[in-house]
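Labels A, B, C and D are assigned to the chains in the order they are written; within every chain, residues are numbered from 1.
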Amino acid sequence: MASDTQRILARAAREVIPGQIVNLGIGLPTRLFHYLPDEMEVLVHSENGVLGCRPRRDGEAPDHDMIDSGGAYITTRPGASVFDSATSFAMIRRSRVDLTFMGAFEVDADGNLANWKIPGKFSPGIGGAMELAQKVRRLVVLCSHNDKHGNPKILARCRLPLTASGCVSRIITDKAVMDVTPAGLAVVDIAEGLDPADLRAATEAPLLIDESRMGRF
Amino acid sequence: MTLLTEKVRDIEAAVAAIPEGATIMVGGFGSPGTPFALLDALLESGQGGLTLIKNDANEPGIGIGRLIEAGRVKRLITSHLGLNRTAIEAMNAGRLEVIFHPQGLLAEKIRCAGAGHGGFLTDIGQGTEIAEGRREIELDGRPWGIEPALHADVALVHAERADRYGNLIYRATASNFNPLMAMAAEQVIAQAYRLDAPGELPIDAIHTPCAFVSQVVQVDRATSEQGVRPHGL
Amino acid sequence: MTLLTEKVRDIEAAVAAIPEGATIMVGGFGSPGTPFALLDALLESGQGGLTLIKNDANEPGIGIGRLIEAGRVKRLITSHLGLNRTAIEAMNAGRLEVIFHPQGLLAEKIRCAGAGHGGFLTDIGQGTEIAEGRREIELDGRPWGIEPALHADVALVHAERADRYGNLIYRATASNFNPLMAMAAEQVIAQAYRLDAPGELPIDAIHTPCAFVSQVVQVDRATSEQGVRPHGL
Amino acid sequence: MASDTQRILARAAREVIPGQIVNLGIGLPTRLFHYLPDEMEVLVHSENGVLGCRPRRDGEAPDHDMIDSGGAYITTRPGASVFDSATSFAMIRRSRVDLTFMGAFEVDADGNLANWKIPGKFSPGIGGAMELAQKVRRLVVLCSHNDKHGNPKILARCRLPLTASGCVSRIITDKAVMDVTPAGLAVVDIAEGLDPADLRAATEAPLLIDESRMGRF
C-alpha cells in the first residue's frame, strides 16, 4: 500500500503538463523527480542554475559540478541548459517558470505561505523560496496535512513569518487536494477512506466541500 | 508561457500575431544580429504605428530602415542613428519620434526589464543634457539618477542556432542586444539559421535558456544576410 | 587595473595581498564553484575580521566553513545556511553576524555592483519581513523597494579554465555566483584547473572576459575537490 | 612627409602601454588600429561586444558577424572574447578599460569634452561615447587643432552640449600634445617647426608652456 508521501507525490505528478518548466522545492517536492517519466518533455529548473535536471541513474558516476539546489548530484535531459544565478532568478522573477512545488510549515485560506522561518527555532535563511513563491506562475504546496504533533498546518491565517502572501494555487496533503479560491479553500480531492467531517476536524481553515464534485486519490 | 513543445512556427504565423501599435525590441548592432528575415516578414505583414527599440536604425533600405521608410514606425528608442540618413531625415521632418539613450543605459534598461526589476540607479550622464528631467535620489550620500526598466510587447532576435524548445546560441558580435532583449519582452520571437532537436546544442554553450523564448523560426542564411554592407576601416 | 601580461600568480602571493578585515565575495553554490584552494590558502595566510559574501556557508570543515570555525569571519552576507550547522551555531551564539538576503536579490545586488550601478528597484519581498526597513520609492504608480549594490574589496572565484590574461570559463552548475562576483569586486582573484595561453580558449565560450579579472592562479583538481560530499536524492 | 593625421596617430600610439585594454573611438581614433604592432599584447575593446579586435589582413574574407562599433569588419587576436552589450558597458562603467581615444568637436581647459551633438545641425544620438568618456580610466582626445574654418577647437570653455565633464587627460592634435592639469592645459609636445606663439594664436584656451621641458613630435 502507498505511504502518505507516495500518495502526495503520485497525486502531485498529475499537476505537471508536458512542455512545462517546473521547479521542485527542497525536501518532499524534490522527490517528484522520480514521478516524471523520462519521455515526458518537461524541464525541471533548479535555482542554482540549471534547467532540465534529471535524477542520476543507478551506477551513473556523479559529476561534481552538477548539482541541484538541494545539493544532490544530478544529470540533465535533452534541451537542458546551465546559467549563472542572476539568469536563474531572472527566469523566476519574470514568471518563466510555469509551476513550482514547495513544502510548507503553514499555509492558509488566502493562499499565504510560511515555509522559511520559525522565530527562535529555525532560521537558516530564505534561499530562493521567496522569489519562487512570489513569482512562479503556479505554486502547489506539498505537505503533511498535520504536523508531527497532530496540529493543523492548513490554517485560517498563517502565524509564522510569510514567504509570500497570496501565492498558493493548490495544496496537496496526505488528506486532501485543496484549491485557493476567492471564497476560501475548496476541496478538489479527498483521500480514499476519509470522510469530509474528519477532514474538517484536521483542518483549521474553513473548507468548501461539494461532495458531488469531489474526487478521491 | 508557450509550452516547450509548441514553439516552432513558420515566419508568417510568427509575425502575424504581433498587434498594430506594438512596442517591439529588435536585436542587432548595425547589421550583425539584426533579425532581417523577421523584419521583412513584419513589413510584409503590414502592422503600423509601431514603437521600435533598437541600438541603431540599421542602414537605408534594410532592416528597420525599411519599416521606417514605409511609415510603419511611430517612435524609435535608440542610441545612435549615425549610419542611417533616411532615419535622420524622418526624425528631422517630424515623421519619426526618436528617443535617445546612451548605449550602455539603453542596454541596462532592457536588461532591467529582463531581470524583473523596476529600474536602476546610475551616475551616467550627470551634469549633461541626458540627465535633464531625470528623477534623482540620494543613496549613501551620493546622488543617483533613476532609470526605469524598458518594457516591450515583443522582441525579435537573431541567433546562430536554436533548438525547438527555444534555446539560443549567438555568434561573435551578432550577440550584442539579442540576449538582453530575449529576456525582456512579453513575447520573444527568435530567428535562427539552424534549428536542432533538443539535446543537440552543447549545454555549456547556450546563451539564452529556452524559458525566455516564445517562438522559434528557422530562416535561410541568404534571406537574412541582405544587410551585409561593406564598411571601410 | 593589472596589466594583461601580469596576472598569473602563485596562490600564496595572491591571497597574501588581501588585507585584514577585507570584504570578500566567494563564488559557489554549495561545493560546486567554491574556490576551495584559495579559501584554504586564505586560512593559512591568517587574515581575520573578514566580511564574507557567499550564497551559503559551505558545510562544516570545508570552504568558508573552515574560516568561520577558525573565528576569522566577523560577518557573513548570505542567502541560506541550511547545510552548515556549525555556522548556524556560531550565528546563534553571537560569534558570527549574519545578514540574509533572498537568493535572487543577493545575486542582483552583486550584479548591480558589477554593472556599475548604485542599486535597483524590486518588488520582491514586499509585505514580508525582508522588506522591513527597506527604503521604498514610487515609480509608475507602483511602490518599489530600493536594493543598494553590494560591493567588495576582493572576489575569490573558481573557473574550470582560464588563460593568462584572465579570461574565464565556468563549468555546469559550478557557474552560479562566480561570473557575477568576477565583475563586482575591486580585485578579482580566479583559481582555475587549467591555465592556457591566450588564444586557446574558444572565444565564444568565454564567460568572464579578462578585463574584469586581476589575478589568476592555477590549482590542482585534487586540492579543490575536497568539498565534494555525497548528498542523497 | 607625414600628414597631420599620420603625425597625430603616430604620437597617439606612444600612449599605449603593453598589457592595456584600449578603446578606439569612431573616426580618426579607429585608425590607430594600424599603429599597434601585432606582437604588442594590447586588447582593443569595441563597445558592440568584443575585446581583442585586430584589423582584417589583406585578402582575409570578412566574417559578417564580426564588426567593430564603427561597422568595419574585423578579426580578433589571441586572448579575445565576445560578449553582449550589457557586459560590454559594465566593463566601461567599472573602469576596466584602461585607455580610450576619442574625437572632439570641442575640448576645454577643464578637460570637458563635447563630441556628440551640434544643436540644430548634427544630433544622430550619443551611442557609447558618454559612458566611455565618463568612466574609462584615461581619455586621450585626438583631433585637429582647428576646425575646417580655422576656428580653435581647444577652448577656454566648451559651448556645445557636453559628452562628459572633466573627463579628458590628454589632447593630441596636429599642433600639440597637451595635458589637462589643475592649473590649466600644459603643453607636453609641440609640432616640429611650430613656435609657441603660433600655438597660442591657434588656441582659445590659455596654455602653460615651459619651453625647457617641452618635446617635439
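Keep in mind that, in the parts below, contacts are C-beta pairs under 8 Å (C-beta built on N, C-alpha and C of every residue); 3 or more make two chains touch, one makes a residue touch a chain.
Computed from a prediction, not measured in an experiment: that's the story for all the values here.
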In contact with chain A as well as chain B, sorted by label, we have C
Between C-D and A-C, the pair joined by more C-beta contacts:
A-C
In whole angstrom, the CA-centroid distance of chain B from chain D equals 29
Go ahead and note the Å separation of the Cα centroids belonging to chain C and chain D.
36
Rounded to the nearest Å, the gap between Cα centres of chain B and chain C is 32
In chain C, which residues are in touch with two or more of the other chains?
108, 115-117, 123, 171-172, 203-204
In chain D, residues with contacts to at least two other chains:
82-83, 86, 89-90, 93, 135
With chains as vertices joined when they touch, what's the shape: line, ring, star, complete or other?
other
Which of the chains are touching one another, listed as pairs?
A-B, A-C, B-C, B-D, C-D
What part of chain A is in contact with chain B in the complex they form?
17-21, 41-43, 45, 51-52, 76-83, 86-87, 89-91, 93-98, 135, 137
Any idea which chain B residues touch chain A in the complex?
1, 3-6, 114-117, 163, 165, 167, 183, 197-200, 203-204, 206, 209-212
Considering only the defined contacts, which chain D positions touch chain B in the complex?
26, 30, 33, 46-50, 55-56, 62-74, 82-86, 88-90, 92-93, 117, 124-131, 134-135, 161-165
For the chain B and chain D complex, residues of the former touching the latter
29-33, 55, 78-83, 88, 98, 100, 102-105, 107-108, 111, 123-125, 127-130, 160, 170-180, 207, 225, 228-233
Please name which positions on chain C make contact with chain B in the complex.
108, 112, 115-123, 137, 139-140, 142, 144, 146, 148, 171-172, 203-205
